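Written out below as structure tokens is the structure these notes cover.
Labels run A, B, C, D, E and F following the written order; every chain starts at residue 1.
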Amino acid sequence: MNKRGIGKIALLLAMDDGDMENLKEFYEKKNYVIYRGQAGSMDAKKIVAAIETAASREDIIRENYHEEHALYHAIIEALSGYCRGQVMLGEVLRSAGLTFTIVRGTLIEDDPSSGNWIAVVLYGQIGSPRRGFEHEAVGMGIQPI
Amino acid sequence: MNKRGIGKIALLLAMDDGDMENLKEFYEKKNYVIYRGQAGSMDAKKIVAAIETAASREDIIRENYHEEHALYHAIIEALSGYCRGQVMLGEVLRSAGLTFTIVRGTLIEDDPSSGNWIAVVLYGQIGSPRRGFEHEAVGMGIQPI
Amino acid sequence: MNKRGIGKIALLLAMDDGDMENLKEFYEKKNYVIYRGQAGSMDAKKIVAAIETAASREDIIRENYHEEHALYHAIIEALSGYCRGQVMLGEVLRSAGLTFTIVRGTLIEDDPSSGNWIAVVLYGQIGSPRRGFEHEAVGMGIQPI
Amino acid sequence: MNKRGIGKIALLLAMDDGDMENLKEFYEKKNYVIYRGQAGSMDAKKIVAAIETAASREDIIRENYHEEHALYHAIIEALSGYCRGQVMLGEVLRSAGLTFTIVRGTLIEDDPSSGNWIAVVLYGQIGSPRRGFEHEAVGMGIQPI
Amino acid sequence: MNKRGIGKIALLLAMDDGDMENLKEFYEKKNYVIYRGQAGSMDAKKIVAAIETAASREDIIRENYHEEHALYHAIIEALSGYCRGQVMLGEVLRSAGLTFTIVRGTLIEDDPSSGNWIAVVLYGQIGSPRRGFEHEAVGMGIQPI
Amino acid sequence: MNKRGIGKIALLLAMDDGDMENLKEFYEKKNYVIYRGQAGSMDAKKIVAAIETAASREDIIRENYHEEHALYHAIIEALSGYCRGQVMLGEVLRSAGLTFTIVRGTLIEDDPSSGNWIAVVLYGQIGSPRRGFEHEAVGMGIQPI
């Protein structure tokens, strides 16, 4: 198998399809820092806050603006992909329920020369605030850190 | 394992990670129509054309505007997610090299009541037109058909 | 006179200029399903909700996600045209007061082969939340259904 | 009948539905300056150029930057509505064939206190560059002049 | 030194770097109308309101829609530049603290033939609602008036 | 005088108003790396290329993807502000002629704890490709490096 990129690692974990615990441990042994959480809201800023809070609490980023900025832009890029254009949920009467992953490590597996990056992936449902009236969405943001 | 959505099926196939042939056959037996191809360009319209051409040639959509419109909007949503905002490649001096999947079938696996939908997923690299100066991106568009 | 498209029918009815009742009846006899309503708000989601509620109550769409999704995307396209870019009203201190029409039927009048579509048109005023400080706007969204 | 706004006048003329010559003359007698033309392209800048050229040639705007700027922003707003978001045609493999109208006069009919404005309306088809694979679109831009 | 444009005058004053009072007086003697204020919020509409209120109170614009419209579009263009894309602050969990300037006068210094324009400049900080986690941003909007 | 931010330093140099050589030397002595160049085009990618080429040639960034990515995103943010929304020039029949500055150093003057950042500022004219039919524009992008 080819070396995976940091984005694919974050995607596989966000989809939660198959043996996630083994995959997570496999990459943690390769020095990736990994977190997986859930967020659901009609309010995009609550999703941003859930990811930022998890990243700080789990020490995925250090408490400086340099790293917080990288994380923030990765989140906004992921949300922009998830929303396919304008980052809006409740403002246009839609809601999101999703799994997010934050992964920090080399851009390419087993390639230290590729440098340190942070990936944020969102995978879940988007749609009307009414059960079953929703379809899947995905978004990925990647920034150097 | 939970039932997969059409988007996850398309994502797993686009990532080309693991036993893709078996996964493809597994879902073809469940009446999903599936295609996986490659496209690389600084020109977004060439990526649109590659996907539209494949969908027609492989009879994933019928030759009417109703279905072509569903496919087109799924492609544009996927591209919009891949580009994280404005659908622009060469116009802002960047390039994409990606695997695309087109999947047609029920919105949720083994749930005929969820209706017929089409999913387009793009997974690959985006970046400067210079080898190694690129990172991963992903985009997904889903439309009823 | 040429055959009208579903969008023109919805536009003419939204402008409320001339003999609307006769025009409405004329197209209802041709099997178009038509609704005209009013909405005014600084809150885009209230306009989305007003149109979705009317469409359900008047049985213009059936209670399934397939049709609700077509309606939703038609509404968002219409709002995007009305706002000429980002779908924002109160967030940037402006307000909308408008007539909306929902029309369901063939894409082209008297052409069954053109298939079934839904059109949403918004026509009204947009501007500062202060009487007389506003100008006209229009938006149209069309989706297969 | 209520007084019409400059946008409705431009819309009615762009739709070319009914007795356009009489309507045009009616508003020219009320001191509106009116032009109606056609444009079709996969290239948004050719549509911009067709409208700007017509406006200059027909003396709808004076040869100064103040007025050219008002016209330009009205055109871009109309195109943005027509495209429902990003002003892109061929870049995303779609094409437009449309009637445009340029109307200059008071914001509201018979209301000199409403000031002088310019309205640009686009009404036509947008879609795949393939006959019959297209639906209607509309866009309106209004600026003080 | 070359003649300055109205945008540069507004930029120099917004940066508040050097001898602002002299610069302001210098341009007021040249018939520019100038105002400098502060605004800070996670709510874009409060920034719009602060600028609109100042412009009315200081008689930079007359109380008619023609001039209010020019000011409004200049503000939105400035905010759009400040936000570098979508005009969103708190919706994506970020905040702005800025100095704004409104300048009204000829487009180019000492060039009456360039006509009357209004420029709005925003210069300040944008970032996380947490002290020190922010960087500079700038935006400029210019409209004929 | 207060400490300047890296954005203000880049802005002052881009405006080329006053004693630029002294200002440049002053900040070079404080370990800022600074470059000022010109670019003019209807083609956004030529402006991106001009800035990227200058940054490489002048050794403002090192030849790795980490730094090139930071520069690229700073350029796109600056262009997005300059264009006030969609990054489009010739596609909508407008042209830009501008001075760009690239500045690398601490986020805040004399504050090493603020970390290393890169700022790109664009200041110049935007408008119709016709002499005198243009107004000023500005854009700023700031990224950690």
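Going forward, contacts are C-beta pairs under 8 Å (C-beta built on N, C-alpha and C of every residue); 3 or more make two chains touch, one makes a residue touch a chain.
Which protein is which chain? UniProt says A, B, C, D, E, F = Hut operon positive regulatory protein.
Here the structure is a predicted model, which is why all the values come from computation and not from measurement.
Peer 1: Could you work out how many touching-chain steps separate chain D from chain E at minimum?
Peer 2: Tracing touching chains, the least step count from chain D to chain E comes to 1.
Peer 1: Would you indicate which option in A-B, A-F or E-F repeats the interface seen between D-E, with over half of the contact pairs matching by residue number?
Peer 2: A-F
Peer 1: Only C-alpha atoms count here: how many degrees separate chain B from chain D in terms of the superposing rotation, rounded to the nearest 5?
Peer 2: Between chain B and chain D the superposing rotation measures out at 120 degrees.
Peer 1: How big is the gap, in whole Å, between where the Cα atoms of chain B centre and where those of chain C centre?
Peer 2: About 30 Å, centre to centre.
Peer 1: Can you compute the centre-to-centre distance for chain B and chain E, using the mean CA position of each chain? Integer Å is fine.
Peer 2: 44
Peer 1: Nearest whole angstrom, what separates the Cα centre of chain C from the Cα centre of chain E?
Peer 2: For chain C versus chain E, the centre distance works out to 36 Å.
Peer 1: Give the residues of chain B touching no fewer than two other chains, as numbers and ranges.
Peer 2: 65, 69, 85-86, 88, 91, 107, 135
Peer 1: Under the definition above, what is the set of chain B residues touching chain C in their complex?
Peer 2: Against chain C, chain B makes touches at 64-66, 69-70, 73, 107, 114-116, 143-144.
Peer 1: Which bits of chain F are touching chain D when the two form their complex?
Peer 2: That would be residues 86, 88, 90-94, 127-128, 132-135 of chain F.
Peer 1: Report the residues of chain E in contact with chain C in the complex, numbered from low to high.
Peer 2: Those residues of chain E that touch chain C are 44-45, 48-49, 52, 65, 68-69, 72, 76, 79, 86-88, 91.
Peer 1: Which of the residues in chain D end up touching chain C in this complex?
Peer 2: Chain D reaches chain C through residues 1, 4-8, 11-12, 15, 17-18, 77-78, 80-82, 84-85, 107, 117, 119, 121, 123, 135-142.
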